[in-house]
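Dropping the structure in here first, questions after.
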Amino acid sequence: MPDANQAAVHGGAHVDIHNPNLQHHFNDMAQQQEASTLGMWVFLATEIMFFGGMFLCYILYRYWYHDGFVAGSHHLDLFWGALNTVILIVSSLTMAFAVRSAQLGNRRGLMVNLILTMGLGAAFLGIKAIEYSAKFRDKVIPGRHFEWHEVDPIGAQAFFSIYFAMTGMHALHMVVGLGIMSVILFMSWRGRFNETYYTPVEISGLYWHFVDIVWIFLFPLLYLLGRH
Amino acid sequence: MGRTLPLFPEAASTFAGNVDALYFFLVAVTAFFSVLIAGLVIFFAVKFRRRSPDEVGAPITGSLALELLWTIIPLILTMVMFVWGAWVFLDLARPPRGSMEIFVVGKQWMWKVQHPDGQREINELHVPVGRNVRLTIGSEDVIHSYYIPAFRQKIDAVPGKLTTMWFNASKAGEYHLFCAEYCGTKHSGMIGRIVAMEPDDFEQWLAGGAGSTPVAGGEQLFTDLACVTCHQSDTGGRGPVLNGIAGKAVLLADGSTVVADDNYLRESIMNPQAKIVAGYQPLMPTFQGLVNEEGLLQLIAYIKSLPSGGSGY
Amino acid sequence: MPSPHAPVTAPATNYLNATHGLASWLLTKDHKRIAILYLISITLFFGLGGLFAGIVRLELLTPQSDLLEPDTYNKMFTLHGVVMVFFFLIPSIPAVLGNWLMPVMIGAKDLAFPRINLISWYLYVIGGVLTLAAILGGGVDTGWTFYPPYSTVSPSHVILAGLGVFVAGFSSILTGLNFIVSVHRMRAPGLTWFRLPLFVWAHYATSLIMILGTPVIAITILLLALERGLGLGIFDPTRGGDPVLFQHLFWFYSHPAVYIMILPAMGVMSELVAAFSRKNVFGYSFVAFSSLGIAVLGFVVWGHHLFVSSQSAYMGLIFSILSMLVAIPSAVKVFNWTATLYKGSISWDAPMLYAIGFIGLFTIGGLTGLFLATMGLDIHVHDTYFVVAHFHYIMVGGAIFGYLGGLHYWWPKMTGKLYSEAWARVSAIVIFVGFNLTFFPQFIVGYLGMPRRYAMYPDEFQVLNVMSTAGATVLGVGYTLPLAYFIYSLVKGPAASANPWGAKGLEWTIPSPPPTENFLVTPIVTEPAYNYNPGREVEVA
Amino acid sequence: MEHAHENAGHHTHGHIAPLSMYYAVFGALMVGTAITVAVAYVDLGFVNTAVALGIAVTKATLVILYFMHVRWASRLTWVVIVGSLFWLILMFVIAMTDYLSRGWMGVPGR
């Protein structure tokens, strides 16, 4: 290959070679930013498949145990579920604002919005905890002590197994999200971001929105279908 | 200690020959391509060996004609394999009507068998030569697999459902029975014998002490488990009459229909509320834990034996 | 070794000696050093997996279970499978050779995310430690496939081992992610897709499988752990679950995963065949696209593991025909490599011996895969030694031969040292002979009907099993030889020139071993890969 | 550094959308949520499911396109998203085909 024709650093790139945020193995900020966002999207693709495995379980058992699933979803608290949906959507909005503030180099806006986002995320988890404890009280925890006096106990148990697996995984992602947000908040407090460099904010935002999207599906699938 | 070196398994069922023919076809294809490719590689590697340190190869980049050739020929060959394999498979998979039906239950680590006439065996199976035999297989605990190499036949025993296999023994003799799906500690001890007997010998064997038949056992259970309280033609009302439902389409409460095959009957007993029969309430309790897999098979046999019924096989 | 081409004295500092101390290795972000970390760790796990294999083979010397209790035997083959698959073969080529070479081959200073690359190695180690903990705590006995409901009730350390696999899975996801982003965003100027070495294509395809498949096994194993640990009812039929659903989810990953194991080896093969016949790979674009074809088609054939599992017969037929189709791109590759040799300038160096071995053994392994994909036949041979022979032919005869070939080929580049060519040839031959003696008899004993995962077996299978055990002994010796002369070469081996094979490719334009940043000046690529005859490109029919 | 700013501004800045867009999308998401909840109280048979899933898909699409800026993203990003969703559906379809076609042969376990 190009034994003979190795050339100097490729043209046009050295302009921002001095940007302190440029890692040495990238040619320029554009390349670095594109790589990071692509990386995040590829990671989200893996997340889609990760949750996808549980959605497949959901589809199959809903098809098998229609009545048990309907009965199970009647047992969930629609009020809390809907409230959590609203909370997450608002948090997505504040997250989007956080990214926008970062794009504009508005550090205060960035931090305020991050804090709002985190607060909403924590509220979501708090409500989830309330819901979970109600389930414990009603003894609809799958396993040996599962109690069910309505139709199709086996199907209902399958429903609650899926319910806990899916919402549990989702909640775990929220917890991770809160961790990431704390780091971003810390970094922005330290003034690490400006309008030329805010990629971490942007890709953390992508993650947060993804977790929101998962809930956008979980809410109707678990709480709503077959209700009435 | 075995000092023999067998190279080919005994063939003792009607379709063993078909499976073996297919096998030989694939062996031939494999041998042909392996020899062809190994031959070419070695031939080229010798003929075009490097003769001076700076020598380079000829500038050949490719050939569309060759690419097409070695796409299409393997494609054709694999399609032959598929069609032939599917043909053999469909034969292996579909028990003919009127087969003699034997119930098999796998549990860690044994195979329990009940014949239609009531004989029971463990880790053995006596069958007559020349008759279609159909096994209905369940599992008490984990997944097992009923495997008779000499018959080239195998099916998993899956807990929570029933599976089927059939064969027609073509040669009297004793053959291996293996559990082929890993099932825990004594998986390799979950083995036994298949004894294929001439029809006369088999009749004699049958005569030697039968217990109660599966149908009779099922009838007994039907009373003991109080199924009768709801499912009796004259009590009318609580539960549907079971006469003649086996093999027929059942209309369900949500408007769909299912065929009442063995697995539907099984589910109706173990998880009755998964599918509610149209016009009835979900009253029937689950019998999970109250009846074991053998009992289930007997109940199913009994339901299928009810007048105007028929399994459809 | 051939006559060293244009000997270049290596510069005083290179990536190996640029910094010193353990911390400089354990905290390195240099893809080449991470590759070395991987090399060491997977070798340890290979030794461990091989140890378990040795125990399995020893037990199978006699029909009775006399050396081991059946329980111990079950743990041995389970651990052998788990360690070999998840901790050796899946990371082997991608994480060692791929990590080392991908940035170099695309003319970059490093992978896109060096820190994530290091994290991925740590995840691998954590996964390995969890699995080791499971082993030391008494082992697992579910088989590497972890099928419930047995795995839900098995009295062994399923959750711990499962967690190990789960964590190692994320290591593999991150590697794949890094490769994909790097290939898209980090290629040197002029390095268009169709100028990439086929090694890069193969790794790109592998990465697709890693990112789309691995998460599914992660969640599957997690669900299994939740079922076992917390009593959720996902796969257990007594709680309404379906054990066959686990099999679907498991094989949705694990069939494509077998292509994670073979595609990188195929990438190595393309490099070896080109370098040792000094010729461009015949039908470059067909070989390149067949990698993608295998990756994509490989995702839709998983049900061929479920032919007797009570899967619907019609779905079985669909899986069968799709499995036939996935064989076509593999066949295309084999034929193209063979054609590459035609009118080449072929040297018989050790890497080429492995390459030749690969072609033959992979052909046999692949074609016996077609026996299994043929439904009427798989009913009989499913879960017998025929299957065991099939996958060892591909995984040992194919993937490991590819790995060893690649390791021999790039060793001088990675370490700057030359190993003993004579010993390398001897070991290639010993491994080839030992391998066939071990696994060929298993085809026969498999068709005879000997089920796999059997600690005891009927007497008449003994002779074939003795042959197999004898072969495994030879094979084990064969594998220790490279270990010995590679280590020896590090101490006493002569220094390697920049391009000892006279091969083409960006990696051969930089010193051996290269400096930390690979290229002091970013290369500009102006020609296709394997351009051994600049300016003379002729198409012949 | 001034140059750096300019150059980076060309390549690295994602699209900066006006605030009004965010509010509009947010409003749509809220309305969608309200509709799904409301529809759940009316029995429309299978239409319930269709509406609920339809709205969920729409909401997700809005989030992806606007909050996650995919509308302005490179073609490659689109490929990644569409590709992974396609893969997911492939898994659903193939696995469910097995379950739906069980029993067609009329042989239990086939």
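So that you can tell them apart, the chains are marked A, B, C and D in the order they are listed, and the count of residues begins at 1 in each.
FYI, a residue touches a chain if its C-beta (ideal position, glycine included) is under 8 Å from a C-beta of that chain, and two chains touch if they have at least 3 such contacts.
For clarity, every value in this text was computed on a predicted model and none was experimentally measured.
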item	value
Comparison of A-C and B-C by number of C-beta pairs in contact, larger one	B-C
Chain centre separation in whole Å, for chain C relative to chain A (CA means)	33
Centre distance in Å when chain B and chain C are each reduced to the mean of their C-alpha atoms	34
Centroid distance [mean C-alpha coordinates] between chain D and chain A, Å	13
Separation of mean Cα positions, chain B and chain A [Å, integer]	45
Multi-chain contact sites of chain C, meaning residues that touch two or more partners	184, 212, 216, 240, 242, 245, 248-249, 252, 310, 313
Residue list for chain B, restricted to those that touch at least two other chains	93, 155-156, 158, 161, 163, 271, 288
Residues within chain D bordering two or more other chains	76, 84, 87, 91, 95, 99, 103, 105, 107, 109-110
Chain contact topology (line, ring, star, complete or other)	complete
Interface residues, chain A side, partner chain C - complex	1-3, 5-10, 23-27, 31, 34-35, 38-39, 42-43, 45-54, 56-57, 60-61, 64-65, 68, 141-144, 154-155, 157-158, 161-162, 164-165, 168-169
Of chain D, residues touching chain A in the complex	1, 3-5, 7-14, 16-17, 19, 22, 26, 29-30, 33, 36-37, 40-43, 48-49, 52-53, 55-56, 59-60, 63-64, 66-68, 73-74, 76-77, 80-81, 83-85, 87-88, 91-92, 95-96, 99
Chain A - residues contacting chain D, complex	15-16, 18-19, 28-30, 33-34, 37-38, 41-42, 44-45, 48-49, 52, 55-56, 59-60, 63, 78, 82, 85-86, 89-90, 92-93, 95-97, 100, 103-104, 195-197, 199, 202, 205-206, 209-210, 212-213, 216-217, 219-221, 223-228
Interface residues, chain C side, partner chain B - complex	2-3, 62-63, 65, 70-71, 73-74, 141-143, 147, 149-150, 153-154, 237-238, 240, 242-244, 277-280, 282-286, 308-310, 313, 316-317, 320-321, 324-325, 327-328, 331-332, 334-336, 338-339, 341-348, 352, 356, 359-360, 363-364, 367-368, 370-371, 373-380, 382-384, 444, 447-449, 451-464, 502, 532-533, 536-541
Contacting residues of chain B [partner chain C, same complex]	1-9, 18-19, 22-23, 26, 29-30, 33-34, 37-38, 40-42, 44-45, 48-51, 53-63, 65-67, 70-71, 74-75, 78-79, 81-82, 84-93, 141-143, 145, 147, 149-150, 152-156, 158-161, 163, 176, 178-189, 191, 271, 288
